[in-house]
């Protein structure tokens, strides 16, 4: 009888700190051993010359979610997780988004109904808190944290979502009491609203004006404020989708004085610029997200922040709104003003390959940092570690085997989400996962999707060590 | 016939950049000549060995003002200007404070009624804008600016006064259109409210908890936000009564990147500390103001900011609430919680002597910087220059003759306001004005008050060059 | 037949990124497997409830070395490595120190002769370059790098050792050509010389004046200069024994702009202060090292630098000069001036326990950071990784098993070096290694030294990935 | 009999802090009165609509000076002062440059011999100290300071001039004892030497490689080091000809922490860039100076530094080496390598007009700042105030009357130095002095030179208040 259900032989196994050639033995969905000459497995994979990485955790994705603007994500739990695993990501943490007046518990139940029997990878949930009433703060949150929902996102902008400073303080205090992680979308709402109004007064409605309205300074201000509020309460926060050098500088300074602030950035801030919004007609809408892509100088700041430890997490902020759809980019009508375009870009599948190609292969970051940013840190930040996010004995056998030399030209045709475009059409990358597995089961193999809906399971999150 | 109404002979005449021994000739209330051997004056003053300085402009004082808490300043225009001139200050700029729902024009008329026939020195008005409705912004403000009210203060805290970011942006935009100066009281309201609530829950009601509630970080955050909003609109602002190192650092950084932010500090941030709030019973209320006095380390930052040009203006923020009065410190009742104590300390008369003694005589700042901070810059910032704020041909003969060696022990008995205490009781200083004159008329002479109520006139402010 | 020579069962295995409960299987001196239920070993250790850490690498130690002052280290390769392994450190990198006029090759041979047959742990060598002649730079260095001596230390102070900027540039350029790591002792020589001369003129000879002469500003300046020179050449450097906040700030700023500067600090900058130099008579000499211990404020900066990634390496800078010895602290005579006291403190054995106790158990740093600083990073920095510095398949089985609850009071009696004092006499720590092994052989077990002289082998270093 | 020898009527009189319309009365070469309706003068000038500024002090000029490279300045005291006054500058402070081995006293005597009977404006001397022997430091310097030579420049680069850190410390300490100002040419010598050697090895000899050799980082490093050395000694220093953003940042940070560091910049860092060095053949030599012109980004930093108070002094660093001369730019031979080209550009005459046009008229700096930078601050820094540098009663009547609307195209033909080129050929400016006077005597009037050689007198400098 074979000792292992599966042995991956001779690959270069990478963790957030180590790079080692060895075999990986899997039993009952769990990594049972790492060794130089492991006993036989029922199944064997020869990974010689390949990279054996932890499956990625994409901790910022929107699937099967109705946005406050009325747009609806094209991806369901099925297509979202399918796309994820084809790009080396074997776990996602989408949002269960509260609408004002709604109970958080009910919100969570709704999202479970969407996910049940659909997902191909495991998944957990963040809560979006838009209505921090006394009962939400005092009763629902503590109960939900105990049930495994240990992180929540709050917004400082968007009419339907934004909290004021006082509400934010109450959320921070609750998180501190219970031990939870608070994610912050930091842009100054009034600045954006005021700029937008002025732009529209002048008839500036094209997608490129979205970039003008979402000024760097609006992100810098809100980031500074969020850090100050968290510092006051002494509660860790994680700044999501950071794009502006002003924000990066405030985060770096806060870390250097010992404040527990963590930060995330996304592919769109490395690979898109404001010029991508400035295309004929409505085309620029394909690259609209909030915060928006900025200029080359800001891109350099983001790269530097990845290299020097200012950023802890690299996520996709996958927000898949179809280009040619009344529930997608055109939710506000065809050729409408930038204010009514659905905000967000897809990126679940390309997240890791693009960073690998432009970051690791160029030497901007080493491969251990890559694993830390894409796999290990998100798992640690959100209470999924050590079950997820690393290759270690006892961890779930969520593994991606990469061919570091494979050349791929990104196009919508080869992606596995339910979108009708990708903002990275035509981008060329080197390096792509050829096999992905979830709890030891191969779900993506040499171009073939092997998982079935429902193979993915819900993950209760622990209280993060960082919180 | 004498060439001059008055000649001041042989004194050391100081401006914001020059220190020169010469005569000053006054005619018709105006400085008519500076010279080495001026012709005879109808009246002559021998200033040999004395300093001849411009009369001070105190650009941040509260007189005859009802606060939002219901407290009332002890000083009227009479006692306030009397106290000012006895300390070398010959012009003040108090506030005409709008209450919500009130017309600005009506507010201004009310304050004129209080000042008419009362003042002993000249005076102008800042407007406090607490209700920036469309008609206030669109109609009243432009008209008032044309009438000589070219600066306004807005608050980021206090329930009855605070503007949100959007309102602040509208005020900034209006100021930019018309050319006006915007003064900002920068403390994060929600932080203070949240901290106060927590403190009171624990029964922490003593004056010293005022310091805890008004955390440094609340001032730092609001200062950063105010600068960001002003930078967005490209409108100069002046941060008033800056006390915290976090705020000073943000102001310094903004100046270094070319943002037009000006800054003011006050005696209480140089000469009081948080320890002064921590006295038996209600005694600490005597030193309560917002922002509060902080610690020695913060004091050093304030001194360094005065020396290196971070601060442009040194004012008193004279807010004279009597200690033993139901309309003063005890407006919330005897021995009430810190939240209900009237906020503010007096300082009109001691402002210049205390800075002179502790700043100029110690070498921390030179005497030209002293004149710049106390006289010239406030005049320039608020459109009173060159009529006021310097000793130059054509300027009003508002002059103070100082004995740099005079030793004075500050006590409530020797001051000329209508207060029942001074927070600086017993402080010893060297240097005091022995003569003050307004438009050539001697109003304070060797310990004697010579001015009469109504001698002081209203000043229309020009649009400041800096705005 | 047993599958493994040794199995460590059920311990908590820690790497620079992971913390996992599992078994460790060792065969032929190498880690052969990590697993949840490994097959039997010829020998078994029950590590349940214990920490299983990589053996430490102390990459800054002086043993069997004659200093330029004529002092001689008390520790030989025997006693030095013995002390190391009793404190959880299983590999050291001492210096082969060139004297002016000496060939580097000869220097290396001399040090090999000292080490041969003596060491109880493995060891590599850094070269100290004090005489970078053309032949040293052009011929000896490249050959030695190929032979496994891939790092060198240069000094910016000490008469017998200091390089000028031009020499430093030549060393940096050579390092860049060949791929080597340059370590820098950064203090401004002329500042120290000038201050020392002034102090001695005034008769200030006591140990505490060593602290005055080695001013913070001298370290800050030289650190800034070293970074600038390295940045010019685009060659990585590692700042050793950093102590001053001025230096930390320059390093942090350089890292944030992408300069490849690494940094090391040592126990004396966390656990000693300048007050320790200010004792009766000669006693202060026990805590004299360069740079000197500084004040509490600087200590806090060092802690913050450890936490936020400014520091990459934590070493001992073990420089064991006996207190009561004419070749130790008293090399310049009894009760001589501070300029003639032998400079350095011992710390090989206490390095890891003291940081564990004061850093990990208090939550200042997590245990993965502890492993990174003490084990993995030094191995990576100096080309010993992945052979050393981690617990991973294929790595040498250099392992320390820690009892995290063991309480120890540090005293010279319980240490295993050849010193007559420890500067940490009486310090209490929690956590100590109970077993250390080198290549699978247990060398330290429950208080007993099991290794024999010569068990330790010389390690050729690869070109570091970071260089 | 007229009261005044001269009255300038109705001009706008500008000082470093004030801007006032008034008359200026001059008697016996001194400003005797400022007034609104001064009595008649023997001579009268109608300055209505004109600016009446203090005559400029150019505190960094090289005239009749042999450089260490063997080049010789084209300008003598005659032509240099002539050129100065035609551009509104009525006082200069050139250098008396010590060569190694030479007595400072002898150096001073030599320069007096060159200046006697030649100068058209007043002049003082800085000493260049290249050989700080014990007798120079201990005896010559103190005596010369007493005789009115109260400032000295030291170099951190140039083989014939550079001091090492120890020598620099001795100079700083001597300056502190006696009260003198130390000017520093801050570039890292070894960096430049090393880069130059590498460039020449590759045959990179063209003028543009001068810019490469004098890297920004070399200026940044040396500036930081100079500040650190001065801070150690607690002696003020003035960083001359600052050009690099790295240097500006270090100066700004030092000022913000209270270090007494002053800074100077020059026209070449505002109006030339590195592209000006990159011209066909030898042409680029016309714009070679040390430090070199840098790029647009650095120019912006210089402008910002002028606006925010980082710079105290704006000088020309006039170093007039003819283009087509074997004692000028071609001192190393025709078409030689950049290392042998004479370093320096002329600028005495255009200094003030170019800054006025590009700085004041554009609003980058106000006119008071302009006067401070060009007139008042240099006089204060070097002990010439209040005799020089301002328009005030008792000051020398050194005055320039400017037509702020005059348009001038700069060309070598219209300048009054003895050069054969100007690097600013073809630059257009608005604003030029139409009358200059020295001690009340008109020396330049509407395009005509009225001064005679020897009209200018030597000025003994007081110990600067700042020193």
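Residue numbering begins at 1 within each chain, and the chains themselves are lettered A, B, C and D in the order written.
Following the convention adopted for this analysis, contacts are C-beta pairs under 8 Å (C-beta built on N, C-alpha and C of every residue); 3 or more make two chains touch, one makes a residue touch a chain.
All figures in this text were calculated on a predicted structure; none of them were measured in a lab.
J.: If you tally the C-beta contacts, which comes out ahead, B-D or C-D?
T.: B-D
J.: Tell me, please, which chain's centre (mean of its C-alpha atoms) is farthest from the centre of chain D?
T.: Relative to chain D, the chain with the farthest C-alpha centre is A.
J.: List the centre-to-centre spacing of chain B and chain C in whole Å, with centres computed as mean CA coordinates.
T.: Each chain's C-alpha centroid was found; their separation is 58 Å.
J.: Please report how many Å separate the Cα centroid of chain B from that of chain D, as a whole number.
T.: So the centroids are 40 Å from each other.
J.: Please report how many Å separate the Cα centroid of chain C from that of chain D, as a whole number.
T.: Each chain reduced to its C-alpha mean, chain C and chain D end up 51 Å apart.
J.: Could you pull out the residues of chain A that touch at least 2 other chains?
T.: none
J.: What are the touching chain pairs in this one?
T.: A-B, A-C, B-D, C-D
J.: Once bound in the complex, which stretches of chain A touch chain C?
T.: That would be residues 13, 15-23, 25, 30, 32-38, 252, 255-258, 304, 307-310, 366, 368, 372, 376, 386, 390, 392-395, 465 of chain A.
J.: Would you tell me which residues of chain C are touching chain D in their complex?
T.: Going through chain C, the ones touching chain D are 164-166, 168-170, 188-191, 193-195, 215, 217-218, 220-221, 224-225, 228-229, 231-232.
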